[in-house]
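Below: a set of structures, written as C-alpha cells.
Shared chain: subunit A. Partners: subunit B in the first complex, subunit C in the second.
What follows is the complex of A and B.
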C-alpha cells in the first residue's frame, strides 16, 4: 500500500500508467464503442475524412479499426513475449546466481552466447523457418530469444543475495535449494523482476513491430498488428505520395505504448530503490 | 564438566580456497586444531583473516579443499544431521531473518532440520518457551516482521532460535559486534545460560580479544587464514608469542588493558 502511495506521488508513474491504461482500454473496450470493420470500405489510401477519421489503407480498409485491432495484437504479443522472456531469464539467473561454481559458469556462457548473437538475427532466422506464423507463435519466438538480459540482471541480483546471512540461516534450517530460491531470494528481487518484465513487454512490442516491418511478422488474413500495418504502408507506397496517414498514426501508437512502459519502469526504479527516492 | 575424550572438531591441515587460477584466494590456510566437548573457544582475528570462513566450515556450509575436517571423528556428510547438533548465530541481526515472514514462522522453520517434525502445538510451545528464555513476551514479538524489531531484539530472536533447537555446539559469529554495550552483556548472559543448561560447546568468533579473554577457555588467534597462536587466555594475552597477537592486544583500548592486568 505504501509502495502504491509512493508510486502515485511520482508524476512519471502517473503519466506512464495513465497512458498505458488508456491504450489497454482502447484495445479492450474500443470495439464496443467503435464499429470495427476490417473489410474493404472505400478506395485505397483515401485521406482522413468525417466518416473515416484516419483514412483508408492500401486495401481500402479503415485505419481506426486496424489500429484498434493492431494495438490489441501488439499488446498480446508484448505480454506473452514478456512473460516467457522474464520467466526463462529469472529461472536461469536465479539458479546460476545462487548456485555459483560450475552450474553458474555453464549458464553464464549460455547466456553470453545468446547476448553476443544479435537477437534480431536469431529472430529473423527462426521466423523464416515458419511458413505460417500466428500471433502466439511470433510472441513465443520473441520471448524465447529475448530472455538473455533478464537472466544477466537476475543473476547479478541473486549472486549478491546469496552471501546474505538470512540465506545461511535458511540453510541451517535445512531448507533445500528450491525453497531457498523461492522463499528467501525471489521475494527480495521481485520488484526487480517486475521491472524487467515491463521492459521485456515493451521490447517485445518493438521486436514484433520490427520483425513485421521486414515482412516476417504474423501471417494470415486477420493478422493485424501495428508492425503489420507499418509493413503494409512500406510495401504499398504508403511512405510516398503524401500518404502520411499510412504510417504516422501507427508509429505514434507504438511510441506511446513503449514510452508509457518506459515511464512506468523508470518511476518504479525510483520507488523501489530508496536511494533514488526523493 | 569437560570431557576431553570427545573431540567436537578435529582439523588437520585443513584449508579452504575459493576460485581458481589467478583468482585463487586462500581463505583458510593449513589449520590444525581441535575443540573438545564443553569448551568455549574464541577465534580472534582482524577483518578478513578467515575466521568467518572457518566458522562456515564448522557448520558444514563450506567443505575443506585440503586436509581433513572432522566432526566427532567423522567428516561432515549429512548436513541436516550435522545441523541438529551444530548451529550458529550470525553477526548482523538485521540481515539474518527474511523480511517477508513473521518471527514466529521463521523460528518454526528451524524445525526443518528434524526428520520428523513435532506437532504444530509442540512447535508453538517450544517457540514460546524459547522466547521466554530470552526475556521476550511471545505475544509481543512473535507476530511481528523482522523490520519492526530493534537490533537488540533481533539478536535475541537469533538466540531464541538456538533455545528452540538446543544444539550441542554453537558457532557464534561475532554475535555482539553490531549491538550496543548493554545488549552485548545480555547476549553474553544468554550464551552462558545456554552453556550451563545444555553443556554446550561454544565457538565464539570475534575481533575483540578483550571480550574473548573473559568468555573463553582457549583462544585461537587467526591471521591471513592461519591459526598463528592457540592457548589459554592467560597464556595468549600475558605471553603472546606471535607479533599478530601483540598487535591485537595493542589495539585494545587502554582502559581495557588495566582490567586485564588485574
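What follows is the complex of A and C.
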C-alpha cells in the first residue's frame, strides 16, 4: 500500500498509467461507441473526411475501425506474450538462482545460449513454419522466445537473496525449497518481476509489429493488428505517396502504448531505487 | 599450462563457448523451418506445375531434389572414370529421400564450407551471392550508427549524471522520449516529415541512378540516402544508452570509493575518470546484450527505407517463401551477433580485471 502511495506521487507513473488505461478502455469499449466495420467501404487511400475521420486504407477500409481492432489485437498479443515470457523467465531464474549447483549451471547455459542468439531470428524461423498464424499463435511464439533476459535478471536477484539471514533461518526451521521460494524469496523480487512483466508486454507489442512488418504476422481476414496496419502501409505505397493517414495514426497509437509502459517501468525503478529519485 | 596465461585461457574459453553457441544456432536454423509441413521442393513443383510434360516434371524435380540436398547421394564414377556423386535410387528408379538428420549433416558441411545453398528464385542464384550484395549496405548503415549512437549516448548520460541541474532537466525527458520510440516507428515519422513533407531527403532506396562503385555521383547519392536511416537508429540508440548511463552514473556517485576519492582531494577530472570507468562496464554488457535486438530493429528500419541491405533481402525472401535465403540471412545475422558479443566479452575482460579473475577461479561462464 505504501508502495502504491509512493508510485502515485510520481507524475511519471500517473501519466504512464493513465495513458495505458485509456488505450485499454478504447480497445475494450471502443466497439460499443463506434460501429466497427472492417469491410471495404470506399476507394483506396481516401483522405480523412467527416464520415471516415482517419480516411481509408489501401483496400478502402475505415482506419478508425482498423485502429481500434488493431489496438485490441496488439494489447492481446503483448499481454499473452508478456505473461508467458515472464512466467518462464521467473521460474527458470528463480529455481536456478536459488538452487545453485548443477541445475543452475544447466539453466544458465541454456539461458545464455538463447540470450545471444537473436530473438528476432528465432521468431522469423518459427513463424515461417506456420502457413496460417492466428493472433494467439503469434503471441505464444513471441512469449516462448522472449523469456531469456528476464530469466537472467531474476536469477541474479534470487542468487543475491540466497545467502541472506532470513533464508538461512527459514532453512534451519526445516522449510522445504518450495516454501522458501514462495514465502521468503518471491515477495522480495515481486516488484522486479512486475517490472519485467511491463517490459515484456511492451517488447511483445513491438515484436508483433516487427514480425508483421516483415510479413510474418498474424494471417487471415480478421487478423488486424497495429503491425499488420503498418505493414500494409509500408508495402502498398502508403509511405511513398504522401498518404500520411496510412501510417501516422498507427505509429502514434503504437508509440503511445510503448511510451506509457516505458513510463510505468521507469517510474517504478525510481520508487524502488530511491537514489534515482532526487 | 594455460594457467600461467589467464588472458589466453579466458579468450580460449570464451571462443569455445561461442563455438558451441554457433553449433546450436546452426541446428536451430536448420530444424525450426522444417518443423512445419512445408517441403520446399513440393512448393516449387506446385508453382511450376502447369503446362509441362510428366517427363519434364520428373527431371525438374530430381534436379531440385539434388540442388537442395533432399536425396541420398553416393559416390560413383562417370563414363570417363571421374569421381562424381549420383542419387541413390530405389527399385522403381525413384530417388531415395534423405532423412532430416542426413540433410542436416549435408547442410552443416556446406555451412562450414561457406555454401548456404541456392535461392528458389532469381534463376537459382546462390544464397551467398544474394547475401554478399546486401551485407555491405547493412554493415555500412548499422556499424557506424550503433557505435556512434552508443558513444554519444554514454557521454551525454555521464554528463547529465554529473551535472544534474538544468542540463539534466531538459536532457532527461528528451532522452526518455526518444528511447521509448520503436526504431521503425521513428523511421516512419522521419520519412513523413523530412522526406515527404519537407522533401529534404529521399524517402527510399540506397542511391539514385548511379553505378555503384567508387565514383562521385554514387557516393554523394548514397550519402544523401544515408542521412534519414542513420538518424532514425542513431537518435533512439543514443537516447536509450544515455538513460542507462545516467542512472549508472548517479548510482556510482553515491558509492564510497567516489566519496573517498573526493575527500582525498583528487582533481575533479580524476574522480570523473574513475566514475566513468566503473559506470561504463554495465553499459558495455548492455551493448552486447542488446546487439541482437538492435540488429533486428535495424532490419525493419532498412525495410521502411527500402535500403538495399539484409532487411530488404529478408522481406523479399519472406514474400516469395524463399526458404534458403531466409535461412541464410538469419544465419548471417546470428553469426555476426555472436562475433560482436565475443568481441565485447574480450573487451570487458581487458577493462574489468574481475571478469578474468572470475574465470580463473572457475566461476566463469
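Assume the second predicted complex is superposed on the first by the 273 of 278 C-alpha atoms of A that agree within 3 Å, B and C clash if a C-alpha of one lies under 4 Å from a C-alpha of the other, contacts with A are read in each partner's own complex, and residues count from 1 in each chain.
Rule of thumb we're sticking to: a contact is a pair of C-beta atoms (placed from the backbone, for glycine too) under 8 Å apart; a residue touches a chain by one contact, two chains touch by 3 or more.
Just so it is clear, the model here is predicted, and its values are computed rather than measured.
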Partner chain(s) touched by A:174 [first = subunit B, second = subunit C, both, neither]: first
First (subunit B), second (subunit C), both or neither touched by A:58: neither
Which superposed partner A:191 touches (first subunit B, second subunit C, both, neither): neither
Partner chain in contact with A:183 - subunit B first, subunit C second, else both or neither: first
Per-residue contact with subunit A, leading partner among subunit C and subunit B: C
Touching partner for A:87 - first (subunit B), second (subunit C), both, neither: neither
First, second, both or neither for A:247, with subunit B first and subunit C second: second
Subunit B versus subunit C as contact partner of A:118, first or second or both or neither: second
In the complex with subunit A, residue positions of subunit C that touch it: 18, 20-21, 24-25, 28-29, 32-38, 176-177, 179-182, 184-185, 188-189, 191-192, 196, 203-204, 243, 247, 250-251, 254, 289, 291-293, 295-297, 299-300, 303-304, 314-315, 318-319, 321, 323, 326-327, 330, 333-334, 337-338, 341, 365
Subunit B residues within the subunit A interface of the complex: 56, 59, 61, 79-80, 83, 87-88, 90-92, 95-101, 109-110, 112-113, 161
Touch list for subunit A against partner subunit C, complex: 108-109, 112-113, 115-122, 124-126, 128-131, 149, 206, 209-210, 213-216, 230, 234, 239-240, 242, 244, 247-248, 251, 254-255, 258-259, 262-263, 266, 269, 273, 275-276
Complex contacts: residues of subunit A adjacent to subunit B: 164-166, 168-175, 183-184, 187-188
